[in-house]
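Both of the next two complexes hold chain A, though its partner changes from chain B to chain C.
And now, the complex of A and B:
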């Protein structure tokens, strides 16, 4: 159970970007996992070259990723969204971005498995007879902090509320004097910035290669849909449900059922609540 | 008549000169044809999941090509490699080899790296009656029994048990003898095969299975699995895993405090330098399969030191495993076999090459190689090594002997096992 909660916190961290970009902005950014892996490689490079803590690197790189996200969105907007071609062609565009990131990482860093070293990796703490690995505890806590930060950004700040508004009615937002493109650029940038930290958390937990992103595409979108499109709290709850389900299945019934049960939960929830747990 | 005779002489001279020129020219053509390269074609995993091994394998083959060309090539002709990225995607393999054979007109083919990439090549090779050298496939020819297939992984005549045989033989000889076994592996082809072999060996050696489960390859957290294994209190824990799971299982074993008497077996990835240098002392005590280790018994093979020096000098630029102890020596040996067969038969005839390879024992940088049933090694030689006295994460310690001690087979043994696992961990 505890392992599942920890895993859920991590899943929430990697899914927040998708929740923001896909859930709120309705942009099918399937390159999000590739940005997460880019974050992992940033953490790896800073860790192996300068001994910098991976999570600190993830935090330090968020402005860089924000800027990168803003540039990618502007490119996407100029090429597809403005012309109303965003559905299928936009999907192809993000596929292209995913492959470009993967191949660039392969060319630059090769295809070896990359890991990081940090004081808390490989150690655990005993809490009431339950051994908790720091390697999972730290990402879980950071994931929770990220969720809280995004929730506060969306509910308490002007730009956050504008993002919520643009997801509901961009014309009304324009009538209020705000530029929807500007707001979406900010939101997309924030979503990609989240990938910087999520990538750092990922490489703390497991080794990565440029193609690791493909393992996470299904999970990230499943969590977003299960939680309810655009709901930050829903993303956290869905991530925890999937994490706990995976862990309980792995412990008591055999790990080979864990993913099947997780996605089974998704199907059942969507059958009962098509908008997801917290969707409107 | 005189005039006529002069003209006749001139005519003869002209004809002679023309014929001579033609002969010379044609000779020139023959010379040029003689210098045409021998093309060896293959697909290779240069991107995708297996590329961490595919790229070092390519570098090893390139080193062989350079070595051969320095010595004058094969049959007096230079060797040229024609290869394409199969993206670790079996669906690309038929297209790649069709192009290699029909468009690039390669003379010889070898397979790409890995079981899944060899499988789609088998029907093509059989249909065209090609001699095919396989690079690390597990039991690819078990069903086809194609006589012109040869495979360089030293699995031996029974590939399914080859990964685990040394592990369980070692376990069975320890005192006190372990009794119970937990086996776990990924839901993927190699781990499944290894687990089938492990079950067979557990029965053979009379151990009792207390845990036998598989997990999806995309599993992120392995602590619940390790906790479940720990609850069974198994003496032996056999793991058949791919690199991310191997790292996950090993870390979880340390975090949860798993203390079996013997741990490891079929964990892919622990052989890779990047993983070894990241896991560091966490590796201590793990008994795992391997194919090569820098131990005195393995360095005795002719040419291996020179190959590794060259490989390691070129590895950084190629962006591949800096030590190259796992697959590269065998990739080089594979093309060594092909080259020796071409040299000996003085032919590129597929059947002649296959007949020669089947009948001959080859001297390679990984030792003497003789193929047997289904094109596998006549006698298996999968090593069982134990990581011992690993300190920190420095790469230099892994260049020399003593860190990956060969325990099995007996003839290549370079040290003694530290038993139980907990004694080597600290």
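And now, the complex of A and C:
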């Protein structure tokens, strides 16, 4: 139960990027989990060759990922969005990107499990009889911090508000003299940058292989849809629900069923209430 | 009007005949082994395209349907040792039922949401199979081929069966495309609301498309246990099927039945060659790059390129 709550904080971190890109920008970026894994491998490489802390690496790499995201968005915009056939072919495009990242990683690093080393991994604290592992606690806290940061970004800064505006009415934004493409590039970059940090958290929690991204496609989209497409608070609530549900499932039915939880929730939510819990 | 279907039938029979001749040639066994995979992709790509290309619903759940066909076959082999034609038919029917199910999903889910739901379906189904010991669970299951195929070795026999199945799949796709069903699907692909308003029975057409597509994907999967002789969830539910099912029609061109065939033959053959000469991961890398390159640079696929060249 506690593990599920902590897992929820981490899932929130993983899903923020999708929440931003898919929920607010309406871009079906199913390659997001691959970017997260890319972040994990960045953390792994820096950790194993320089002994750098994984989460610090994740933070350091955010500008790189931001730039990467901006480039991908420009390509996407030029090829699909401008022509107006974004949904179908754009989806295929991102599926291809997901595949390229995953296969490149397995070409470069093989399919062995990779993990990182840091001072707090393996230790735990005792809180009223419940042992809490730092490797779960730290990602959870960072995830909460990221959620707060994104919330502040969206509600307090000029660009954040502009992103909200893009998601509501693109034409009105253009009439106000702002460039929606530029705003969306920024938002997409921020979403991908979040993947860098999320990837670092992921590899802190558990070892990673290139194909780990497949497990997270369902989780991310389940959380985003359940949370109501782009609502930051909703993402956090949905992430915690999923984290708890998964750890309960793992306890009572065995870990092999836990993966089905996210997709099961996703299917049910999509079929029953596509607007999610906090839908607009 | 009678001449056209007759000619199509003749072409189909000719292809099957050619397949039998090739099977009778008894060249290197590997040719049949690789040829089977290419033909299997012809069926998969054609089946995917009935829903994805004609109706515009992108199905990421190809592995679910394929594996359902394969596991239906495994179940029947385990329980009754049913003959291959029964396996193929049963695999197709079970997958068709799943197709009907996702057809009803399209009532509420359009576009991206539909695609993600199909992906989810694939993972849920895989989890169920992993936890079902009778068909091998996560460890997999060895399948013993029936002794004494009707002719040749068992691989050449399966190769011939696949030739027949791909002719059937392509014929069905061609029939759908040329009939009012294909026009109705094209109408709902371009604008579902408008099509509905014009009196196109969109729900019935969608259900038809998902069911037929599911059936053919199941059919493609049913001989799979006998082909690999060892079935385990990771190979049956491989994401490669999803990518290839998508990439092949996209490369060939999605609006015509020829497109998936061209894509499957080109990409399938290239992959077989790459697997032998380079590595199997490299071949997947190539698929990804080719897929992205095509959707960015040539969204109409090879057929579109040819058309553009002719137009000039």
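Note that the second predicted complex is superposed on the first by the 253 of 280 C-alpha atoms of A that agree within 3 Å, B and C clash if a C-alpha of one lies under 4 Å from a C-alpha of the other, contacts with A are read in each partner's own complex, and residues count from 1 in each chain.
Keep in mind that, in the parts below, a residue touches a chain if its C-beta (ideal position, glycine included) is under 8 Å from a C-beta of that chain, and two chains touch if they have at least 3 such contacts.
The structure presented is a predicted model; accordingly, all values stated were derived computationally and were not measured.
Engineer: First (chain B), second (chain C), both or neither: which does A:7 touch?
Structural biologist: A:7: touches chain B, not chain C.
Engineer: Check the residue A:221 against both partner chains and state whether it touches chain B (first), chain C (second), both, or neither.
Structural biologist: In the superposition, A:221 contacts chain C only.
Engineer: Could you look at A:117 and tell me whether it touches chain B, chain C, both or neither (first, second, both, neither)?
Structural biologist: Once the two structures are laid over each other on A, A:117 reaches chain B alone.
Engineer: Considering only touches as defined above, state whether A:91 meets chain B (first), chain C (second), both or neither.
Structural biologist: second
Engineer: Please work out whether A:56 is in contact with chain B alone, chain C alone, both, or neither, and reply first, second, both or neither.
Structural biologist: neither
Engineer: Classify the contacts of A:149 with the two partner chains as first (chain B alone), second (chain C alone), both, or neither.
Structural biologist: Neither partner.
Engineer: After lining up the shared chain so the two structures overlap, which partner does A:209 touch, if you call chain B first and chain C second: first, second, both or neither?
Structural biologist: A:209 sits against chain B, while chain C stays out of touch.
Engineer: In the superposed arrangement, which partner chain does A:109 touch: chain B (first), chain C (second), both, or neither?
Structural biologist: A:109 sits against chain B, while chain C stays out of touch.
Engineer: In the overlay, answer first, second, both or neither for which of chain B and chain C A:181 touches.
Structural biologist: neither
Engineer: From the superposed pair, tell me which chain A residues show up as contacts to chain B and also as contacts to chain C.
Structural biologist: 103, 106-107, 254, 256, 259
Engineer: For the complex, give me every residue of chain C touching chain A.
Structural biologist: Chain C residues touching chain A: 56, 58, 60, 105, 108-109, 111-113, 115-117, 119-121, 123-124, 127-128, 130-131, 138, 239, 242-243, 246-247, 250, 281-282, 284-285, 287-289, 291-292, 295-296, 299.
Engineer: Within their complex, state which residues of chain B touch chain A.
Structural biologist: Touching chain A: residues 46-49, 51-52, 54-55, 187, 213-216, 218-221, 223-225, 227-228, 243-244, 247-248, 251-252, 254-257, 269, 272-275, 278-279, 282, 318-321, 393 of chain B.
Engineer: Could you list, by residue number, the parts of chain A that touch chain B in their complex?
Structural biologist: Within the complex, chain A contacts chain B at residues 3-4, 6-7, 10-11, 102-103, 106-117, 121-124, 131, 133, 135-136, 205-207, 209-212, 215, 219, 243, 246-248, 250-252, 254-256, 258-259.
Engineer: Of all residues in chain A, which touch chain C in the complex?
Structural biologist: Per the touch definition, chain A meets chain C at residues 22, 28, 30, 75, 79-80, 85, 87-89, 91-93, 95-97, 99-100, 103-104, 106-107, 214, 217-218, 221-222, 225, 254, 256-257, 259-260, 263-264, 266-267, 270-271, 274.
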